[in-house]
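In the part that follows, the structures are each spelled out as structure tokens.
Each of the two complexes below includes chain A, the first together with chain B, the second together with chain C.
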Partner chain A sequence: MRVSMPHMGNLYIPFKALFQRLDIDFVIPPISNQRTLSLGTKYSPEGLCIPFKLALGNLIEAAEMGADALIMPVGNGICRLGYYAQTQEQILHEIGYANVRVVRIGISEHKLLGLLKTIKYLANNASWPRIISTFRFGLTKLNALDRIERIVQKVRAVELVKGTANQLFAQAVDAIDKADDYNTLKKAQADYLDRLDRIPKDPQAQPLLVGIIGEFYVLLEPFSNLDVESELGKLGVEVRRTTFTSSWTKFSLFLNSLGINEKDRIHRAALPYLKRDIGGEGWESVGEKVLHAKEYDGIIHLAPFTCMPEVVAQNIMPSTRESIPILTLICDEQTTKTGMLTRLEAFVDLLQRKRRAGTNKQPRVTVRGGYT
Partner chain B sequence: MKAYLGIDVGSVTTKLAVLDENNKLIAHTYLLTSGKPTAMVQQGLVQIKEHLPPDAEISGVATTGSARYLAGVVVGADLVKNEITSHATAALFYFPQVQTIIEIGGQDSKIIIIRDEIVTDFGMNTVCAAGTGSFLDHQALRLNMSIEEFSRRAMNHQTPVRIAGRCTVFAESDMIHKQQMGHRIEDIIYGLCQALVRNYLNNVGLGKEIKPPIVFQGGVAFNQAIVRAFQEELATEVIVPPHHEIMGAIGAALLAHEEMTGYNNRRSQFKGLDVSQIKYNTSSFECKACPNLCEIAQLQTDSQVLARWGGRCDLWERAPSEEAK
Partner chain C sequence: MTKIGIPRALLYYHYYPMWQTFFQELGAEVVVSPPTTPAILAEGAARVVADTCLPVKAFLGHVLFLTKKCDRIFIPAIRSMGKNNYSCSKFLGLPDMTRAVIPESPPLLEIDIDNNQGKGNLYRAIYRLGRHFTWNPSKVRQASLAAWQAYLNYRKLMASQGLTPPETIARMAGTPETEHSNHTESAQATIALIGHPYLLYDEYINHRIIHRLEQANSKVLTPEMLTAGELESAVARLAGKAYWSYEEEVVGAGGHYLQSGADGIIGLMAFGCGPDSLIMDTVRRQASRQRTTPFMSLTLEEHTAEAGIVTRLEAFLEMIHRKKKRQAERCE
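And then the complex of A and B:
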């Protein structure tokens, strides 16, 4: 049995650590790229969303590498994702990977126990203490990655040489991936946080603060959103996002089972406009917009094309009392970088002029044209 | 006399506008891009040179439109700006009270919402060109009339026919159907104008608060019938500025002026109006550094590569001046 899984940002790193330590035969498909997307699009029903298509592309590329046990999340009531694993398994069988099995991990119920049981099964019934200890090590890697990414989001906006933080981030990901014990991991984290701190920055910069909200997968997989965060960084914008793989794992695997839900606060904020979960992250998108309207200069809302929950959220958001400029970007295999950049540049201009007008109330003195 | 040049290279047309120090329009030109943005920018500069007062000295240049980066490298722009900001800047300059800008060009259409002289929201057409100039051009061509005649005859409608305007393909088959039923051509083409307006308002304008004063910019504003259809649908006046077709270029020129005279007081990078003597080549290649296989486009002269773009990462953009690939 050879195990693999689809990509979502850097999620493969903690899983790789976990599987290696449990002596599971494990392969990582290539990082999502144009070929992944072409493969996924070719074999997917057209109306499905980009998370489905990219994940299918990853699974096909994993199957090409000989993987036959492919992990996919499933769940009840979240959205069409509930059926993705079954559909993908059927597609893989139809295109010739007859022996491939898609191993489903429930993320709406069972949670932690379900995940651990799946790992135990994949690890050929390894002992519980061994599973728990390796699982903890994987989580520590995940936390380290997300801590560094949070700093990268800040540095990108103010670094003097654009692209430096991204280069360091790529090296940091590599170092964390290679770290074999807690000590090395801790050292790598401290080392890269320090190096990020020492990147030459513009001391005068007062970067705009833009919140990124929307559907989970397109938020966390840069390939699917055309790396919107780096593009904003190039435009001198600091990006803030509440959804991180580590916090999501922490809550959905541990704290939720104890009745603690980080999302309660977000849901409460959304209540005047949307009273219930509508699947996906629709409820959260509305709540986050309301919650952060005062705190951010603007919000970018990411949604996969044909994503019903996010379309509903998109139509509720402009009418909330808490107002803030918001730009919805639809992610799809048809989305082009040029189109996205034009919108981002215009949005950043809008926010900059708004901020300037807010801080400088006296009217601009310009010579007017003669048409009026 | 200092002057500021704005260049707007769109998908269908290329526009150049020069403003003097008082932001008065002193020269402008409007050309078809014909799929050759570099050559058209050069040709535009030749025409501008003919119109320009001899004492005018270009002290700042900004480019905008979908070929803004390419044009920026060709002329040596001081500022490269997106078309939304450029259009808003021009509209606000002439009509400070404007609250809504409708802009319809060759391949895209936009709406810009302005409150208290600041852009607060905007929208662009995403997947469909049913509401743009190219579609009208195509339909006029199919009916064997010039776009001017199309506009003139549409104004002669009596009882407009309802055309399904959701999609160009459906609109076209619906138009043919109505022709074969024996409706007057004037009524059909005005019906098409109404369909285009409905399509615009239901797609680009969806969820936007459209308040007067409304300014209508872009090449399609030449079409009287579309203006009329907007006024009927919105039940309010729609202002078409005298230079509506070059407002993007005017906006860019205004932004160039602001950029060069503001706090930073820079020297212009402009390569001069004689840039048309230089021979530019554009080409592209597939980058093989990773499986993304990005198509990298490059602009070069005989001796050096001036710029590269089109990659997902900045591998090629970082070193534009090395050997041509």
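And then the complex of A and C:
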């Protein structure tokens, strides 16, 4: 049995650590690229969203590498996602990978235990202590990655030589990927946080603060959103995003079962405009807009084309009393980088004018050097 | 008397007799918007972002029509109609979306239906809805039982007589029926039309497709003409377990007619419909595996041109006639 999974940002790194330590034959399909998207689009029903198409492309490329147990998340009441695994399995069978199985990981109901059980099954019934210890190691890697990414989001906006932070980030991802024990991992994390801190920065800069909200997958997979965060960084904008895989695992797998939900605050903020969970991240999108309207200079709302929850959110957002400039970017295989850049530039220009005119907030007092 | 507005769109075709009875039993007057007109659709579409699906745009147009003509508008938020199946986000967010894009609408009457949470939850939700009219729980109970009976009668009438929802609603209301031009005897082909009732029976949205098929001497079958058992077993065969609340109208009906009773199947779906993009494809894939019954899917949106639909219908019917002729020759 050869295991593989679709990409979502750097998620493959913790999974790779997990599976290799459990001696599972694990292959990683190529990082999502144009071919992945073309393959996915070619074999997908036309009205589906880019997460489905890219994931299908990843799965096809994994099947080409001989993988026969492909992991896909499923869940009830989320959105179409609950139907994806079975459709993708059928499509894979039809295009000639008849022995491929799509292994479903329930992310809405079984959560931690379901995930661990699936891993146990894939690892040929490895012992529980071994699974739990490797799972913990995987989580540590995930947390390290996200901790570094949070800093990178800030440094990109103010670095003197554009692109330095991104280069360091790529090296950090590589180092974390290679780290084989807690000590090396810890060292790599501290080392890269330190190097990010020492990147020469513009001491005068008062970067615009833009929140990125929207659908989970397009937020976390840079290929699907045409790397909107780096582009904003080049324009000197600091990006703030609450969605991270590490915070999802922290709350969804552990703290939610104890009754702690980080999203309660967001949901309460959304209540006057959207009273109920509509699946996907629709509720959170509305809530985050309301919650951060005072805090951010602007918001970029990312949504896949034909995403049902985000369409509802997009319709509701303009009517809230809390107002803040929002740019909705619809991600699709037809979206082009140039088109997106033009819109980003215009949006950032608008935010800058607004700040200069003083109609927006007072310039924030930012403390320099305190990035880590 | 309170006037309750019910938009003639989306779930109207599923539940109108039930809703009407419920509100009338509680002493309210029910106002229904007219069938979709170009103006209704255009006004609804102008309020929302372009990516919103066609039936929701039409729905909002109906709400706009009812504004100022009634005291409250009834819009349910349906999350789930059964164990472990779910509705589209747009059904769930319908009341909130309406409030957001039509701020001038009269206050909404909402009800949250989530049958996944069990019967107690449903009863409480119904009582909360009834409380707008009376504090007496037994009155609400009576009204809801009468409403349920009306719903059962509606389904029974539809299944036993082979009527479409608008015809059944008209018959239940006792209005004189328009002449039903079903050329059952002289029909050259039997065409099954699958899809959600709000597409199948909204004549403006679908460019009178049923009428056109009947004009071309075809007998038209629809999902409502099948029993719940037939639909369920076909869903089980094609998709295992229904994931969507109204999946059986597409997968169930499609699966059933692929096996028996139809010379060809036409699937109607709306552009941007999330669930349909997956489940219509399930039917299409089954049809291409089976290679017995021709299948065509038509995607509707506000820019769909009548001529385009007519051409495709003609070509599809032509193909079916030839196929039947060839089969007849082979038999001789």
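Going forward, the second predicted complex is superposed on the first by the 358 of 372 C-alpha atoms of A that agree within 3 Å, B and C clash if a C-alpha of one lies under 4 Å from a C-alpha of the other, contacts with A are read in each partner's own complex, and residues count from 1 in each chain.
One rule holds for everything that comes next: a residue touches a chain if its C-beta (ideal position, glycine included) is under 8 Å from a C-beta of that chain, and two chains touch if they have at least 3 such contacts.
Model, not experiment: these values are computed from the prediction.
Novice: Which partner does A:Ile330 reach: the first (chain B), the second (chain C), both, or neither?
Specialist: both
Novice: Examine A:Ala346 and indicate which partner it touches, taking first as chain B and second as chain C; both and neither are also allowed.
Specialist: First partner only.
Novice: For A:Gln90, select first, second, both or neither according to whether it touches chain B, chain C, the two together, or no partner.
Specialist: Once the two structures are laid over each other on A, A:Gln90 reaches chain C alone.
Novice: Go through the superposed model and pick first if A:Pro51 touches only chain B, second if only chain C, both, or neither.
Specialist: It touches nothing on chain B or chain C.
Novice: Touching A:Arg80 in the superposition: chain B (first), chain C (second), both, neither?
Specialist: second
Novice: Per the contact definition in the header, classify A:Arg35: touching chain B only (first), chain C only (second), both, or neither.
Specialist: first
Novice: Just chain B (first), just chain C (second), both, or neither: which does A:Gly9 touch?
Specialist: Neither: A:Gly9 stays clear of chain B and chain C.
Novice: Which partner chains sit in contact with A:Gly280 here, chain B, chain C, both or neither? Use first/second/both/neither.
Specialist: Second partner only, chain C.
Novice: Going by the contact rule set out at the top, does A:Asn315 touch chain B (first), chain C (second), both, or neither?
Specialist: Both chain B and chain C are touched by A:Asn315.
Novice: Same chain A residues contacting chain B and chain C, which ones?
Specialist: Correct list for chain A: 315, 318, 330.
Novice: Residue numbers of chain B touching chain A in their complex, please.
Specialist: 22-23, 66, 81-85, 93-97, 116-122, 124, 126-127, 207, 241-242, 290-294, 312, 314, 318
Novice: Going by the contact rule at the top, pick out the chain C residues touching chain A in the complex.
Specialist: Chain C residues touching chain A: 48-49, 51-53, 77, 79-80, 84, 86, 88-90, 92-93, 95-97, 99-101, 103, 112, 116, 239-240, 243-244, 269, 271-282, 284-285, 299.
Novice: Would you mind writing out the residues of chain A in touch with chain B in their complex?
Specialist: 30, 33-36, 163, 226-227, 315, 318, 325, 330, 334, 337-339, 341-343, 345-347, 349-350, 353-354, 357, 364, 366-372
Novice: For the complex, which residues does chain A have touching chain C?
Specialist: Within the complex, chain A touches chain C at residues 45-48, 76-77, 79-80, 82-83, 86-87, 90, 94, 273-280, 282, 305-309, 311-312, 314-316, 318-319, 328, 330.
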